[in-house]
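Got some structures for you, see below.
Here subunit A shows up in two complexes: once beside subunit B, once beside subunit C.
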Partner chain A sequence: MRIVLLLLSIALVSVAEAAEYAVVVARNSPIEALDSERLRDIFLRRRSFEGGIPLVPINLLGEEAVRTQFESLVLQMDRGQINQYWVTSHFQGIKPPATQASLQSIKTFIERVDGAIGYLPISMVDDGLKVLHEF
Partner chain B sequence: MKFVQLRVVGACMALCLLHHPVMAQDSGYEIGLGKSVNDWLTLGGYFSTEYEKSSAVQQLQLDDVAVMAYGEFSNRFSYLLELESVNAYVADLERDTRSSNFPPTIERLYFDYKGSDHLSVRAGKQITPVGYWNQQPINVLRETSSNPRFSKEMVPKFLTGIDVHGFAPLGEDLTYHVYLQNSRDMDESNINIKPESHYGFALAKQYGNGWRIGGSAGRFKEAIGSASGTRTATRYWQLNSRFDNQHYSLIAEGIVNTESAVGAGRARSKAVYVQGEYRYRPRHSLISRLEYFHDTGVAVPERIGILGYSFRPVFPVSLKLEYQWHQESSNNRFVSSFSVLF
Partner chain C sequence: MSFKAKTILLLILLSLVPYVVTMAFLGNAYRNDVENRLMEDMGHQLGITIDRLDQSLQALQNDIEFIASLDIMNDVLTGDLDRRIVNLLLLKKDDLALDGDFDVVDGSGLVVASTALDSIGSPFNGESFMQVPLFSTFNNDNIGALRVRYEMSNLTRYFANDGNFRYALLVSGERYPAQMQIADTLSVSGVIGLRPEIGIIFEQNRDFAFAVLDSFTRSFLIALAIGTLIISAIAFLAASYILRPILLLSSTARSIYKTHDYSQRVRVDRSDEIGNLASAFNAMIQGMQDLIARLKEEGENRLKLAQEKNRAETLQTLSNKLSKYLSPQIYESIFSGEKDVKLGSSRKKLTIFFSDIVNFTGTTDQMESEDLTALLNQYLREMTDIALRYGATVDKYIGDAIMIFFGDPHSRGVEEDALMCVEMSLSMQRRVRELQREWRAAGYTKPFVIRVGIHTGYCTVGNFGTESRMDYTIVGSAVNLASRIENTAEPGTVYISEDTYLLVREKFASLPVNKVTPKGISQPVQLYKVLMEEAAEGVQTLSQDGFQLQYQPELLTAESREQLRLVLEKITRESSP
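Right after this comes the complex of A and B.
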């Protein structure tokens, strides 16, 4: 009985910790994987290239769960810290990444624009996209 | 007359607060992020007002008024232009005099080329990439209204030249700058030092726990006085460190200068400051700074202690109060400011 309970709890923890979202690029992108530190630099526009390719990070408009999770788990910043960062960057002539209004438009943008990189629920990832990082 | 000035300051404050600075909206205008017209053009600017009171001085000033334009021509080329009126309006309440200085000067004008993350080039008039304080020179981005003395006297704030910079190939979180100026400044109206040449380098290392360290070294030459041919050459070495977390930040910078002039021997200056900020509630913080400044040409080193308070209804709107204790007590003063980045 104890073994069954143990296995059950491990299974529950695994389900609870399973990644729901992914950072993705187009399937034909030569980029294979990126760690969260590199992603943080890209989405904070400290870095603009990967393997010589100019990158176009794209954010979801508003405060949907996928965006807040991305900011919390990958950028490791809350919205106040992010606002402060972009206000300081505005003085340095740096704008935040462009936004798209919906998850579907992010998906389409990534598929069509060279170097585009964004985040989506894993359930939306299909053959046109490549997963670089799960969170 | 005092009422008129206070009404001007009050009107500016009301204008900003009426702007209802709320959380980030990703479309349209948001205070502190400028107005993006298209990829080529984002417009913005800032202003600050300051009130200062000591035993000898009581003045109110519209300190800086600036507009900025910047944009990207492609993912490799971009530019920035900043025009600023410094001391745009000063009311000396002690002597009951007024002065204004509205014609703007070129604060920054540069073009960027991004070759890669390891090699980018900035050409034009720009902020010298030395330390922390020098790179956040406007009131609204600082923790206090006043600047540490070294930031005004020991390194040229601006560079009219080239800065090659990027992530160093040796380390993932190590950044470098190599900069060079070989001409007069593009606009010498409002600069602290007017070098004829200036070169140096800076390195900074970011650690994952919110800690950052860096340093720089350089040399500049400037003409002194109106007599032709009289020049000084100054070398500087600078170290800095910063730690940030959710509630605290701690910044320290130290610098040593050695200035030499033909027939005048060498003079050395050294300065250090340590500043702590405690964000005890959202939008409210307490700041303390200790400064030490010693010019060997002056017998007594100067020590300054500052205690301040900062209130930011949102980050790009800042109201600050501070009191400064100087070694020479007649220099003690109260300073308050209101500043906005828009």
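Right after this comes the complex of A and C.
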């Protein structure tokens, strides 16, 4: 199923070239926009603050399309590279971002936790969220 | 209490006391020791149990701390939308078989996730036994707490309680499991290291704990009772063995006391002290037997002596009485054993005395018999006294007459006997004259006058009569002559025969009087009248063959002198051839 979805997503991205996902923060966050470079630093826990605000990156658990898309487009790393990265970082005391098991819980998490930053399908973005980056 | 009972008791005490004391002491010590060991064991067991409980609680603590550290706990922030926490907690509860619940409470006190599903979304209102705070894994903010509601059954499930062993928890005065306490227990207690407010008690039924010891004690008491019986029996036998000779001694002594049979002995078959005692007892009884035999012999001798003495006294009394009927000389002679009292006689020359009261019959007819007896007795007593004073042998009283002789049994010689006899006769006459005055003074108008006849001649003296009735007296013609002379004598005078006269003429003045011819004697016998001394006072007596001259010089006158000269001249002329 996941494979089907993955293939479908790739097909869609390649076909439409239109952004489907967005990196979001809470509406009241002072952060307005972040580029891929900055997002990569944040999600690889190389950078914890943005504009004096501590950031809480949040990952979707598992291999959902949104996550793989985020990793390949934003982080520009495949899962093997990422795992390798976290193994190495672990010895430097750097832990991977927290996870949530569902998109809904990511949304809720972002809404409730100060500095939380995550990615969601654009369709799920509402007034409570602020889009910083689309991919 | 008898000596035997005392000995038995003593032996039992000696045997049992150390035994009982030792066993009691050891038993008590053993009991204490057992109790100490039991308590120690219980302490160990309790320690093990406490360790297990501690481990269990520690494991729980570790578990919830681990859970609290998981990323999942970040879901508190999303209200556990994905139910990841609930699932985890349910798994864990199931895994631990927990009696109770896990609750995850957010910062506002709302239950975000719980194994009690009903309570999710409502404020936490249970009692939290254990809790750990939850921190977000990304910025370490406190995002709530993981709490455990914990039942004591989680701990008490480790207890394997039965009727004799019991574990119990004590929490705020509550006992878990809620059971009745065993009445009499050994108990140890402690607290759980991780949770000092939870006390734990381990109890053991004392009866059960000491069951083995009690069983041992029972066996010991039975053994003691049997031992006591055996020791008592041995003590009884020993006491009997020891005391048998003593009892034998005692019964023998009693038997001797009752039967007075001192020939009884105790059998000695032992060489110990008691054997020595029995030997000594036998020796003592032997000594007593000898002593008693000696005493008996002595007693018999004494009795014999006493009887003899008694007989002698009787004899003495009798002889004293008898002596009154006998002349003292005869009496003494007989009783001193000089003379045997047997029929027999000897011939001796004696001086024989006879006296009687002149005209006694005529005098006495006019007297009362009492007066007569008194007078006669006085007379005879007085005369006898005089006779005895002169050593005379009073032969017999013949009515008013007295028969006396000199020369047997004691003789001073014929001449001396004759002198004594004459002197006695004169004394008697003098005494009678004195008595006459007394009697006259007493009113007897005709007092006694006595006459005396004396003769010296051979008599047969001795015991006459039969073996059953004897009389010591003298017989012979001399006796008859003496009696005859007495009959011839004038009242108030003493007549003596020529034979006597020849013996006494040197001492006593006598006048020749008439001659008598006794029966059976052809020749007449010249008699002399002894002159009383009073009459002869101043009188000179010259006596030769053929004449006797008496004169009183101071009374001689010239005339009487001339007359005497003429007479003497005539006599001398006529008689010259």
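In this text, the second predicted complex is superposed on the first by the 120 of 135 C-alpha atoms of A that agree within 3 Å, B and C clash if a C-alpha of one lies under 4 Å from a C-alpha of the other, contacts with A are read in each partner's own complex, and residues count from 1 in each chain.
What we mean here is this: contacts are C-beta pairs under 8 Å (C-beta built on N, C-alpha and C of every residue); 3 or more make two chains touch, one makes a residue touch a chain.
Worth saying up front: this structure is predicted, and the values here are computed from it rather than measured.
Contacts of A:Glu37 after superposition on the shared chain: subunit B is touched, whereas subunit C is not. With both structures placed on the common chain, the touch criterion links A:Arg79 to subunit B but leaves subunit C unconnected. Of the two partner chains, both subunit B and subunit C are touched by A:Val56.
Once chain A of one complex is fitted onto chain A of the other, the partner contacts of A:Phe109 are limited to subunit C, with no touch recorded for subunit B. More residues of subunit A are in touch with B than with the other of subunit B and subunit C. When the two complexes are overlaid on their common chain A, residue A:Lys95 makes contact with subunit B and with subunit C alike. By the touch criterion defined above, A:Arg47 reaches subunit B but does not reach subunit C. When the two complexes are overlaid on their common chain A, residue A:Ala18 makes contact with neither subunit B nor subunit C. Overlaid on A, the two complexes show subunit B and subunit C touching the same residues of subunit A, namely 54, 56, 95, 99, 115. By the touch rule above, subunit A contacts subunit B in their complex via residues 37, 47-49, 52, 54, 56, 59, 61-62, 79-80, 82-84, 86-88, 90-93, 95-96, 99, 115.
Subunit C contributes residues 71, 74-75, 77-79, 81-82, 84, 136-139 to its touches with subunit A in the complex. By the touch rule above, subunit A contacts subunit C in their complex via residues 54, 56-57, 95, 97-102, 104-105, 108-109, 112-113, 115. Against subunit A, the residues of subunit B that register as touching in their complex are 23-24, 26-27, 32-34, 36, 42, 44, 46, 68, 70, 75-76, 78-80, 112, 114, 116-117, 136, 138, 141, 167, 172, 208, 282, 314-316, 341.
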